[in-house]
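Everything on this sheet refers to the single structure shown next.
The letters A, B, C, D, E and F name the chains in turn, as written, and every chain counts its residues from 1.
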Amino acid sequence: MNERFQRGAARQAELGGPGGIRGRVYGQLADIAPDLHRFAVEFAYGDIHSRPGLDAGRRELVIIGALIALGDTRPQLEAHLGSALNAGVTPGEIVEAVLQALPYAGFPRVLSAMTVARGVLAARDLLPLTDSIAQ
Amino acid sequence: MNERFQRGAARQAELGGPGGIRGRVYGQLADIAPDLHRFAVEFAYGDIHSRPGLDAGRRELVIIGALIALGDTRPQLEAHLGSALNAGVTPGEIVEAVLQALPYAGFPRVLSAMTVARGVLAARDLLPLTDSIAQ
Amino acid sequence: MNERFQRGAARQAELGGPGGIRGRVYGQLADIAPDLHRFAVEFAYGDIHSRPGLDAGRRELVIIGALIALGDTRPQLEAHLGSALNAGVTPGEIVEAVLQALPYAGFPRVLSAMTVARGVLAARDLLPLTDSIAQ
Amino acid sequence: MNERFQRGAARQAELGGPGGIRGRVYGQLADIAPDLHRFAVEFAYGDIHSRPGLDAGRRELVIIGALIALGDTRPQLEAHLGSALNAGVTPGEIVEAVLQALPYAGFPRVLSAMTVARGVLAARDLLPLTDSIAQ
Amino acid sequence: MNERFQRGAARQAELGGPGGIRGRVYGQLADIAPDLHRFAVEFAYGDIHSRPGLDAGRRELVIIGALIALGDTRPQLEAHLGSALNAGVTPGEIVEAVLQALPYAGFPRVLSAMTVARGVLAARDLLPLTDSIAQ
Amino acid sequence: MNERFQRGAARQAELGGPGGIRGRVYGQLADIAPDLHRFAVEFAYGDIHSRPGLDAGRRELVIIGALIALGDTRPQLEAHLGSALNAGVTPGEIVEAVLQALPYAGFPRVLSAMTVARGVLAARDLLPLTDSIAQ
């Protein structure tokens, strides 16, 4: 367990906990590509996400924008919408962030993403929204 | 000039000013598709960007994430990196936001985007960075 | 109900009816982002689709080309293939339109889209085709 | 010269002429990949574009939708906007077709495409538009 | 059965056999677009894949890279990972090839692809890997 | 200079040399995001490209497939086509690899990539090809 892994694992723990979606997805790949999990922890979280200079919630907003635009990223979007909530982004801000991608990524991408957001918020009993104009 | 256009134009003015990149790009299309400019002002800015519930700087972070992932969006990225600065995102936060897309959108997209960011920051005499660990 | 919404809802009704796929998908988001449905009706249908200068069927051909190329747009493709039929595009023309994307978007995208088209045509008892050389 | 090549070359000639953009682009590749040109003629035009069941103008609308959504397709978009005009799509219909991609492919893609359309129409002295509400 | 079809069908048979994924997917489209299957055999396999100058396994590596980057290509990825194995690419090389896309296409695409690779290798009793450092 | 950086820099040196395209592109970003260069060396080359289990030339074929499909990756494609040559992929194999992406990524992407390949091969006086059926 090197320093990068430790830093990344600590960041992941803050953002989602070991029982989260990330753990399940990578756990299924332990017998084929364990290094893929290690790279995610060390690089995506240890090198990038835990850098100073931008807080965790704002980092998740960038990631959410990128995942919506990429398309075909449902499991990652589910994980990162949860992480954004854990980092203090409010449910209403989540909805606004997804809507903000609309002029750039178009209706199909945003409609899919909002459906994922609905599932994430419903699973945490955060619907209907109470903090947003979105209603 | 309807209410949506007025609200959108006001938001655009806050984010970039009438002499900015947006004005030039859309101005060139005035003789072929003036409604495209109107839709950008009314819909992208009047309906979406000016919604309450998420501040302008955070909206720009979502947009930056989406534009990096889409690719082939250099003029828009240039405009929105400038808007992010105008909305109070610091130069160091801009650099971190671009780096944060790396694990999701990959090196080619981030390398292109960082080159655009360099141009935007240099044009405002904001390089070298003074507020970021990125150095 | 503003004029844009009324115009968009009328266009949607012509293209698919209130019991169609669009209604179901957006209906599920009523408790999280009702404005997303409103934006689709007002902007996508009221501002754009109902413009004069290009008939509804030809508009659907542009949309079908875009959705195939984007990928990860199955529900939208299903809705718009149905709208194309409702706008007078024949089943054989639908098949030809999907095939026409092949040299530009490649086999994976077109194969997925043709599978969706098969479902849409079969649900309306329009298979086997009777108007096309495609057979 | 097999039958597929002859059919494809005839279709290309209808759509753009031997001195067009297509000829130049592929001509530059004659010393590295002459078969790429042959595949374009035989497959894209001889097998697909010249099929019965959908007229040439409607085929170009599908292609334009796909090219806008793909991004990074400026030379192809330039060629196909010209082909659409040659196939009888009016300048106003061209503008409407590009706008119709907006809710699905987003502002950056449509803004780039409209800039290309402007160049194609201006080169043929077709601006300002005289047949469209777009003005 | 022309020469191109025969050559393509022979190549497909080498790569996956008539009972494979390809047969099933295209078989379902026989009543709507039989020519799509013919184009895949004649063009993708008869014209391109069976060209001399690059061996079948290396061709599959290019295809795997392209499919991962495209996204939303699960059935094709499943077919081509199987083809790669049939062409002599080892299970460990498959895993390495998927990992090699990581810096360019990002974690979401590679995570999806590795999940598909896991299924393909498990179905052939090739897990755990015995030939790779990936463990 | 940690071990990952050293390993990555050694791999990069094998593939392109310090005066290559990579050095120039990243060098221009030294005053804004020096860590981006470090991440490329450490992660893309030190962690991934230098792994055992797949030779350098085959790794470049996966990368070339991914870059073609992504689009808007001209500088990277230029660098990696050069790396492929340096890793022993022959000019004829390069041309075949680019053509092999055609059925999956479509003509626009492959046409752009072949134009880049032409430039790379011409700069090394490798045209016309002498080892390939492509002629």
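To be clear about the criterion, a residue touches a chain if its C-beta (ideal position, glycine included) is under 8 Å from a C-beta of that chain, and two chains touch if they have at least 3 such contacts.
Remember, predicted model here, so these are calculated numbers, not experimental data.
Identification of common neighbours of chain A and chain F yields B, C, D, E. Comparing mean CA positions across the assembly, the chain most remote from chain D is A.
Here B-E and D-F were compared by C-beta pairs in contact; the pair with more is D-F. Of all chains, the one whose mean C-alpha position sits at the greatest distance from that of chain C is F.
As a whole-number value, the distance joining the C-alpha centres of chain C and chain D reads 22 Å. The distance from the centre of chain B to the centre of chain D, each centre being the mean of the chain's C-alpha atoms, comes to 30 Å. Residue positions of chain F touching 2 or more other chains, listed in rising order: 39-40, 43-44, 48, 67, 70-73, 76, 95, 99, 102-108, 134.
Residues 103-108 of chain F are the ones touching chain C in the complex.
Here chain D touches chain F in the complex through residues 25-26, 28-29, 31-36, 39-40, 44, 67, 70-73, 75-76, going by the rule given at the top.
In the complex of the two chains, the chain E residues touching chain A come out as 71-72, 95, 98-99, 102, 106-112, 114-115, 117-118, 121, 127-129, 134-135. For chain C in complex with chain D, the touching residues are 40, 43-44, 48-49, 51-54, 58-59, 61-70, 73, 76, 92-93, 95-97, 99-105, 131-134. On chain D, the positions that touch chain E within their shared complex are 39, 43, 47-48.
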